[in-house]
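The same subunit A turns up in both complexes below, where it pairs with subunit B and then with subunit C.
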Partner chain A sequence: MANPSAVCNGHLHHHHHQKQNNLLKSGIYKKNGITKGAKKNGVSNGTLYKKTFIEHFEQAPMYVAVLTFLGFGVGTIFGYLRDFMRACGLEKRHIAAEREEQKDFVPLYQDFENFYTRNLYMRIRDNWNRPICSVPGPQFDLMERVTDDYNWTFRFTGRTIKNVINMGSYNYLGFAETDVNALKTVTRELQKYGTGVCSTRQEMGTLDKHVELEQLVAKFLGVEDAMVFGMGFATNSMNIPALVGKGCLILSDELNHTSLVLGARLSGATIRIFKHNNMQSLEKLLREAIIYGQPRSRRAWRKIIILVEGIYSMEGSIVRLPELVSLKKKYKAYLYLDEAHSIGAVGATGRGVVEYFGMSPDDVDVLMGTFTKSFGAAGGYIAGKKDLVDFLRTHSHSAVYATSMCPAVAEQIIRAMKCLMGLDGTTQGLQRVRQLGKNTRYFRRRLHEMGFIIYGNDDSPVVPLLLYMPGKIGAFARRMLQKNIGVVVVGFPATPITESRARFCVSAAHTREMLDTVLNALDELGDFLRLKYSRYSKSSHPELYEETRLELED
Partner chain B sequence: VQEKEELIEEWQPEPLVPSVPKDHPALNYNIVSGPPTHTVTVNGKKCINFASFNFLGLLDNEKVKSAAQASLKKYGVGTCGPRGFYGTFDVHLELEERLAEFMRTEEAIIYSYGFATIASAIPAYSKRGDIVFVDEAACFAIQKGLQASRSSIKLFKHNDMADLERLLKEQETEDQKNPRKARVTRRFIVVEGLYMNTGDVCPLPELIKLKYKYKVRIFLEESLSFGVLGERGRGITEHFGINIDDIDLISANMENSLASIGGFCCGRSFIIDHQRLSGQGYCFSASLPPLLAAAAIEALNIMEDNPDIFQTLRAKCERIHKALQG
Partner chain C sequence: MDIKSMKYYLYWLFCQFELITCSYLMEPWEKVLFYTFNIALLLTVLYTAYIFVSGHVSSALQFFWHLFGNQHENTVSVVK
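So, the complex of A and B:
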């Protein structure tokens, strides 16, 4: 197995390499993606990466950027026009207004802050917050809602749109299911414990279920100890302040999630940002920090901690863990890895990016993750050495002030993890992980062949498809719904203003037929809306594809 | 360059976490086996439970459990997404409607974690440069919300209206020096209905008078008073007989009286709708598992159908207070 794939991959790399040289000559440059990555993997860092690391961040042709800005410009002009008409009274005011008695209070919202919301977001608002009325599995039922006044208000017609293919929910391993057998233990625990806990961890809130769950999580990840919390967002925002404080330095990736940013801000430490997944930028910051010390006093930093995520949810890129760990060891910094999307989704047995790169969990100081995505439950965990977890048990804000996890939810995580580890006697867990890997690679390959611009690593189940223009955001989501496929579209401010995208989340529960339906629909829609911006479609090298396909279907 | 390499070699960071002594009082948790209802088994011993916030005793109610079971069969456990991306279930919408109806406000919004409710609500309205007057004994979640908002915080002595009025007067004189800035600086008072740290009630009628006199908005945190105070459990506004529209925002968590998990904010649509796009704990976090939402709806049903449980609770509290005070 190893040898033929090495040759294959070498072959593939060679072609990539050549292609880039041609492009560089013709003056079209690329972002920190294929060019540097491919060269490094081929030559100097061949020893660091045990498998090839292929990420794509293709840039669209210039005319696309121009048209995008034009689209936003037109929207803004109309926005000003509408605001003017509303102020004159020519048009009806749809938004709720302040109370009569409080009209002379200082206004709660500045008009300008809400300009974007009022004029641009309102037009395409029907693509978000779509209510569903079934389990969020590979297919779900949407409640039909219509608007009579251009998205200012909605009403439900009472009908449901059945069996919409779900490409939006974070259901990577397909554990969001209602199969009675699978949920047997959860039903039992719900009957025994009830729904709430009504207490914090340090008071009466630690149930035996929590202890069982923590031990299982520690075993799953291969670390000494773990601690679980009731909410993933709160895990970050309440524990980072416990670990770092004033006089420490936080180096955080450009595209980190809001929970990490909030936790870093609440801690009071100094924050410096390095370019997304860019190890040179990080190294520069590390050297500067150690050499020059704190900004005014020049004293040495107490600690330096690096905050990164396993898979970035908007880009689909995977963190460059081997280089990061070697940097961290060289400069004696600490590493905090947020595996919200990658736990369960990557790695040969679903243990996250640490396993994906073949590294040991001892290399990462703080392993954090959430149970919402791959395990179909809710909550978060932090795992690592026993000292770390003991410290968090005593000093974390969450342990003292926040309620613990619901026991039925804890049982769902326990059964999902046991399934993944094979402790329930079946190989179902491993099958799910393999199915997810196959689905991911198939989906990404077909999208590349069709000519869409896709961001991210070839192995990440988060697939962002670039739309760029604001008008296409609304059109894409609505037409996909008409074809009975539910997608998620994101625009500004979650992404840079010119890079609106549709984000697909591949799941192990998707069958080949479902993926094919989606791909055919995308093909048609791509031609209709002219979304196929990519200048290199892979279909020009069919013989390469035959080889890689053989390698995967073993 | 040689010097730089030396500096890098020499630098020693602190250990990631200081070591915790083995006998730290908070290190070894009391492990509760079985459901934490009125009698609990703590570390193997059977005890009467005076520690959980199970005010209405709904934690082991059969109706609540069966509602949760039905929801589990239909929806599974998790929602696999935030509210914006297919994480909105019909149970969430139903719970929001029911809560708004129960509290007699226009709209309600649900969060998936009690702590995150007030900690996300405050920074959504109050930004850098705004002024917040907050009671000294405010709970930790409020403190974190204030820290995240970066506004200027003015503490007044616990339940001392004279102190608060003094601070407001000082602010008024400041405003007169700079009227332009004053016109855009938002002002808020954040108080709790029933204080977690001291156990007493805030003097709401006086606060309302101060609100209209000095033009400040009030945010009321009712985690402990929801389902406890008031004739039908609507909280401190019902207890004092105040028009609920006078309070700008009421925030509560469902983890005490409602025996579920999560939190909600209610108020007029003008105020609540803003949180749907700018409440961090709402937009960037997965939504509440539907079985917990269904349990909360059932608990609300019980609260509405049996208004005498609040009388019972109050009678028991008075009895204990009398007995302990001697």
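So, the complex of A and C:
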């Protein structure tokens, strides 16, 4: 394989291109005034990715894993102690239990399986389900809650904590707003249609608003047709069973969302899992599927469908779409792309990962997305070829039985989408997308410089910050709230046991001052709680560190 | 001034201990139990070290002297 930057005109190129390895397409190098043309037989996969794809999944030092297990061990021992005391009657039981008359029956509540919930989650439960009492914009108001019996019950003091900086809401483009001018059309539609639809799509629930919305979504994405549903989770779980059935094969990513997993299981197809974002693992599974066919009869599979997400919300990683599409074309499989977090958030004009990689939407068979995250509304859509969408209109459970979307919500999506596309006559949509990109890059860069371990792609607005130890989860969330910043922390069942994290969602509505406040608080807290585990933190001279910038890929 | 930063440093170390061993999450009586157990363990280890380590170290030293030629006893026997 010729190395285009090795020797040219007898002079050895001391490549500062070496750091960008075979993922960058070979460019045109100028040397001594002579332009060298781009070579054809250059680097492998060099032309699939038009810009660098950098993802970080740094591992913490070994002592961190040891201490995490130590923490869980102590928690487990005390869990057993408390369970023993509850069984003996030394302590009052707070969890659900059968009535006295039913004590001889087969047990209704599985005691041991909730061990983790009872003994570890309950201790730090005050960091979740916090009720908010304002619009979840860049700042919001929280209702203050206190507990008298260590988080088993809460009571409200009646006060509200005002202007807490919101780093947890999925408000990527900042459309969750209460500005009267922005919501003029929504108020008008609310007064025209009311709030309830009182029917399903198939019976009498298809309003002209839905038709308008579907046409707009299709135009936005650049596909033939689209269909909208009232709930994003239900879009996945109710439509996958309509597309695949027994005798089909589903290849699903390791870290797919619960809605995709539920839909896959409901369909009755065979499910095989490939490693997260790992194209070699996927290719191996595809080859095996085609060579060996169905398990016992060895017949060919009726359909092979690959389920992936655009941005994975727990990791912040972006799917490797170009390689995926080339694999799917080679092995003739179908691709189902769930763009819940990526629609509106990535791409030059906010049209999702398909635009981010510069590909055409015809390459993806089923484009799915939600309106909850970037559009400030609720609901989901499925888009693609007209035949596909027409099929789903009659065969999908959600289309036939679920209540259709409220017209005021539909109008909110219409106005947000028109703003994004520029159809309302302003450039506000494009400005929001650019602002989100700037905020994301700034936030991630500063966090890297401070020395935290951050997962995910440099362009993804979801930023998971690793905490690792169970004791630090509660401490982090509580102290951030004391500093008036609201964060979301995630622990064991949703993430691997050693990798608990805090997940930040950057928004276009965050100003530079808000981000600076958050970053300063993180700096202080990182020093106090010892969270800066990264061994690759940058210094204040970014030029010197170009060589050591790490690109970790499987 | 130094005492203040020293005290803050000790408090910070204690916080780290609390976070790592999850005693930050425990109710007060559980903390008392946990710390009592830890301190008892630490005291036992120190006490055992105090009693036995000096004995073990001196017998190990004697063993090594034996190995590397015991000039002390040799000279005594020659004189005899």
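Operating definition for what follows: the second predicted complex is superposed on the first by the 490 of 554 C-alpha atoms of A that agree within 3 Å, B and C clash if a C-alpha of one lies under 4 Å from a C-alpha of the other, contacts with A are read in each partner's own complex, and residues count from 1 in each chain.
One rule holds in what follows: a contact is a pair of C-beta atoms (placed from the backbone, for glycine too) under 8 Å apart; a residue touches a chain by one contact, two chains touch by 3 or more.
Predicted model only: the values in this text are computed from it and were never measured.
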For the three-chain model obtained by superposing on subunit A, do subunit B and subunit C clash or fit? fit
With the two structures laid over each other on chain A, which partner does A:L243 touch: subunit B (first), subunit C (second), both, or neither? first
Looking at the overlay, does A:T206 come into contact with subunit B only (first), subunit C only (second), both, or neither? first
Should A:A87 be classified as contacting the first partner (subunit B), the second (subunit C), both, or neither? neither
Which of the two partners, first being subunit B and second being subunit C, lies in contact with A:I271: first, second, both, or neither? neither
For A:F78, decide between first (touching subunit B), second (touching subunit C), both and neither. second
Which partner, once the models are overlaid, touches more of subunit A's residues, subunit C or subunit B? B
Where does A:R530 make contact in the superposed view: on subunit B (first), on subunit C (second), on both, or on neither? second
With the two structures laid over each other on chain A, which partner does A:V146 touch: subunit B (first), subunit C (second), both, or neither? neither
Just checking: does A:L67 make contact with subunit B only, subunit C only, both, or neither of them? Give me first, second, both or neither. second
In Å, how small is the closest CA gap from subunit B to subunit C once the two complexes are overlaid? 20
Hey, which residues of subunit C end up touching subunit A in the complex? 12, 15-16, 18-27, 30, 34
Complex contacts: residues of subunit B adjacent to subunit A: 4, 7-8, 11-14, 16-20, 24, 26-27, 29-37, 40, 42, 49, 51-54, 58-61, 64-65, 68-69, 72-81, 83-90, 92-93, 106, 112-116, 119, 125, 139-141, 144, 147-148, 182-187, 212, 215-217, 245, 253, 255-256, 258-261, 268-271, 273-274, 276-277, 280-281, 284-286, 288-289, 291-292, 295
Given the complex, residues on subunit A that touch subunit C span 67, 70-72, 74-75, 78, 81, 120, 123-124, 150, 469-472, 474-475, 528-530
Show me the residue ranges of subunit A that touch subunit B in the complex, using the header's touch definition. 95-99, 101-102, 104-110, 117, 121, 128-137, 140, 143, 166, 168-171, 175-178, 180, 183, 186-187, 190-199, 201-208, 211, 230-234, 237-238, 243, 257-259, 262, 265-266, 287, 290-291, 300-305, 331-334, 365-366, 370-373, 375-378, 387-388, 390-395, 397-403, 405-409, 412, 486, 488
